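Same chain, two partners: subunit A is paired with subunit B first, then with subunit C.
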Partner chain A sequence: MKRAVRVLAGARPRPLPALALVLTLVAGGFAAWTGQDWYRAAHDDRAAYAAQRDAALAAGEQAVQNLNTLDHRDLDRGLDLWESSTAGELHDQLASGRDEFAEQVKAAKTVTTARVLSGAVTELDDRAGRARVLVALRVTVRASDGAKTDKDSRMLGELTRTGGRWKLSALGQAPVGGTPAG
Partner chain B sequence: MSTTRHHINRQRRRRDRETRSAAVDASPERAGGRTRAGGTAVLPAPRASSAARTAGPAAARTAGPAAARTAGPAAGPVARDGGRRERKTGRTAGLAVLCALTLLLGGFAGWARAQAEALRAEPARGNTALTDVARTSEIKGQTAKAVGLLFSYDHTEPDALGKAAKDLLTGKAVGQHAALLADVRKRADERKAVITTTVTESAVERIDGDRARVLVYADQSSVATAGAESSTGGGAKGEDGADARDEGVYAGAVLAVDVVHRDGRWLVSGIDTFGR
Partner chain C sequence: MTGRTAEPATEAADDDGGELLAGTRGTSRRGLRRLLLVGTAAVLVLGGCGFLHAAHRLNSAPSAENRALTDTEATARVAGEVGNALARVFSYTPDGTAAAERSARTVLDGRAARQYDVLFDRVRGDVAEQRVTLSTRAVRTGVVELDGDRARLLVFLDQTSRRGTDAATTAPAQLTVTARLRDDRWRIVDITAR
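Let's look at the complex of A and B:
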């Protein structure tokens, strides 16, 4: 009974501050947990890698499409786009062969357009800034007489990151009848 | 804490005052018992207080509640008023701070959670192709194998294709595969051909949990074996395979294959030949 009296008399003013304290501590715990979670989400290496992968693929698809698009009536713009989409050796090749190539296309009077069917990154070295992509293309060539031909291209591209941008540094057709890999 | 003790002590003192006479009556029995046992200890004060304490419950049972009820309200307000008001404002301020802190922390928690969710919802993260190295290579390997089996046909073992289809296909891929292969199969049977498909390159476009999409470059070789005079190798899907001779014809194909993870294996659930 004495105990009961003590509890009754002593505990009465307590519950509110105690409850408030508990709630504050719980809120603090939540804040710490979610804050840490947020920090982890924001500094996730995988996320940064995934972002690079998507950037490389987007740039790769666009560059491959650019290099398979050319209108004989607007050669300069098309070839400028070729050069701006590429880097390294491929860029040098295109730049050095530009005039000759322009003559050929002018003579053939062709309009080439390309549509990306699908693309994917096979390898990505985030630090070195290198990536390898597969880009499947449907290339449409319209000859001067209006004849239209469609052809699917299986491209293998290599990308290099220069100045924060991914550019195509090598491009070729996947060989047919070669040795299987993978 | 001090307030409780304070309060209790005050109550006890009050009770003691009122029950002292009772305690005097009650103590001799117990105190006497103890002195008889201990012999020497003649310390009246502790004995009296311990008596009071032991007598307390008894007294409290009779006098306590009544005293508390009657004396409490009468004496309380006068004695406590000043200090209690100060304490009360201090306590209210403390409570307010705690409440504000709770709201602040709770708000931050909610906001941080929303931020984390928003970051995780980014499409780049949802796709674990390449970021999940083990899974990516597992998918590549199994898809390459599946495509090899599903698009190869040997006229001497016509059942192998059916078995592969049963093992490796699911969903709408079953129909797609049947439609793609029906014609090829018929021609291969006529020409006693062996069609072999080998994946030369593949890349995982997207992995989203237990679903994935793989871009596949495959070579198809078609070899017409023995017999028939008009032994021409029919390229399975190759454009220029129809008229080629014996040696075997290679044709390159592009496929996008959807796969799903079932029972620890990746099954083909969709085949996209890009309209070819």
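Let's look at the complex of A and C:
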């Protein structure tokens, strides 16, 4: 190493240490400036809030779709998914009414599938872990005789964050002809 | 500073720029010092570039660029203006669609304006003939995306219509709307029924 340095230094006519010093200082300034820039971006509250908004919307759309999907041939998996997509009061309601509902669907022999057409978050309380979403949905019900009916519905969902995951805590149709809100 | 640690301890005291400029000592130490300075500068520049890249990636993430809800003022504004615009252009009385069509000229643009013209060419006659009243209300408006002068919204509408002396009926409608900010006003450029 020492020899390599000596050879390198000797090959040059005269060192320019002042220039090297200035270059180093400029480089230091550059690193400090960009580092600060990065730190700000990484600790931007707005970015964290935006990420929560997107997480809430994705979870909300998926949960609404899950709760509008059920196959009478695979009830247990469908209803398990209902329970894992929900929290709070909605979860308790679904869990307590599960057996009764399963009987009804088994008797009706229906297959229900849903597709989310569009969704939006209307409210987000990042700290409390609460959000409200609008979801436009197309629900397709296939009856036991093979007849298929499509129904468009518009849902209002309330989400609660539990253990870092957003889950539906309330879900209902947006009322028609009611009082406007939001 | 980095040079100092690499020097033998006995020479650390006079290790400064003056001694370097004088150039009376051997070239090896000078070279080593210069090499260290250049190396430090290179590391700092590389680190800076890394920071720049990381910051850019964070700032240009799709979720960060979407200002829906993060910019509450702009979000409320676009939701309000689009909701009002839809209510105005889809409300009319048997006495004419002129007011609605006048509103449409100021708040619709592009494809939405063309769709609207086609629709109203069709209904204009019926409205007068069958004494149709339509009143539209935006009951829920959600901003899906907001990026500077472009926005995408999901709007739930209630449309109450009455034909002659029949009872009024209210029907729901769900629209996704694309809007653009032009001349400091949000204009609807595309409407898709959901």
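As a convention for this text, the second predicted complex is superposed on the first by the 166 of 182 C-alpha atoms of A that agree within 3 Å, B and C clash if a C-alpha of one lies under 4 Å from a C-alpha of the other, contacts with A are read in each partner's own complex, and residues count from 1 in each chain.
Following the convention adopted for this analysis, a contact is a pair of C-beta atoms (placed from the backbone, for glycine too) under 8 Å apart; a residue touches a chain by one contact, two chains touch by 3 or more.
Just so we're clear, the structure is a prediction, and the values are computed from it rather than from any experiment.
J.: Please determine, from the superposition on subunit A, whether subunit B and subunit C clash or fit.
T.: Pair status: clash.
J.: Examine A:Ala20 and indicate which partner it touches, taking first as subunit B and second as subunit C; both and neither are also allowed.
T.: Both partners, subunit B and subunit C.
J.: Does the superposition put A:Trp38 against subunit B (first), subunit C (second), both, or neither?
T.: Both partners, subunit B and subunit C.
J.: Between subunit B (first) and subunit C (second), which, if any, makes contact with A:Ala147: first, second, both or neither?
T.: In the superposed model, A:Ala147 contacts neither subunit B nor subunit C.
J.: Who does A:Val121 touch here: subunit B (first), subunit C (second), both, or neither?
T.: both
J.: Need the overlap of the two footprints on subunit A, from subunit B and from subunit C, as residue ranges.
T.: Residues 2, 5-6, 9-10, 16-17, 20-21, 23-24, 27-28, 30-31, 33-35, 37-38, 40-42, 44, 46-47, 49-51, 53-54, 117-122, 124, 133-134, 136, 152, 154, 156, 174-178, 180-182, which sit in both footprints.
J.: What part of subunit B is in contact with subunit A in the complex they form?
T.: Touching subunit A: residues 3-4, 7-8, 11, 56-57, 60-61, 64-65, 68, 91, 94-95, 98-99, 101-106, 108-110, 112-113, 115-116, 119-120, 122-125, 127-131, 140-141, 144, 198-205, 214-215, 217, 219, 221, 250-252, 254, 256, 272, 274, 276 of subunit B.
J.: Which of the residues in subunit C end up touching subunit A in this complex?
T.: Touch residues, subunit C against subunit A: 17, 20-21, 23, 27-28, 30-35, 37-38, 40-42, 44-45, 47-49, 51-52, 54-55, 58-59, 61, 63-64, 66, 68-70, 137-144, 153-154, 156, 158, 160, 170-172, 174, 176, 194.
J.: So in the complex, the part of subunit A that touches subunit C is made up of which residues?
T.: Listed in rising order, the residues of subunit A that touch subunit C are 2, 5-6, 8-10, 12, 14-18, 20-21, 23-24, 26-28, 30-31, 33-35, 37-38, 40-42, 44, 46-47, 49-51, 53-54, 117-124, 133-134, 136, 152, 154, 156, 174-178, 180-182.
J.: Can you check the complex and tell me which residues of subunit A touch subunit B?
T.: Against subunit B, subunit A makes touches at 1-2, 5-6, 9-10, 13, 16-17, 20-21, 23-24, 27-28, 30-31, 33-35, 37-38, 40-42, 44, 46-47, 49-51, 53-54, 117-122, 124, 133-134, 136, 138, 152, 154, 156, 174-178, 180-182.
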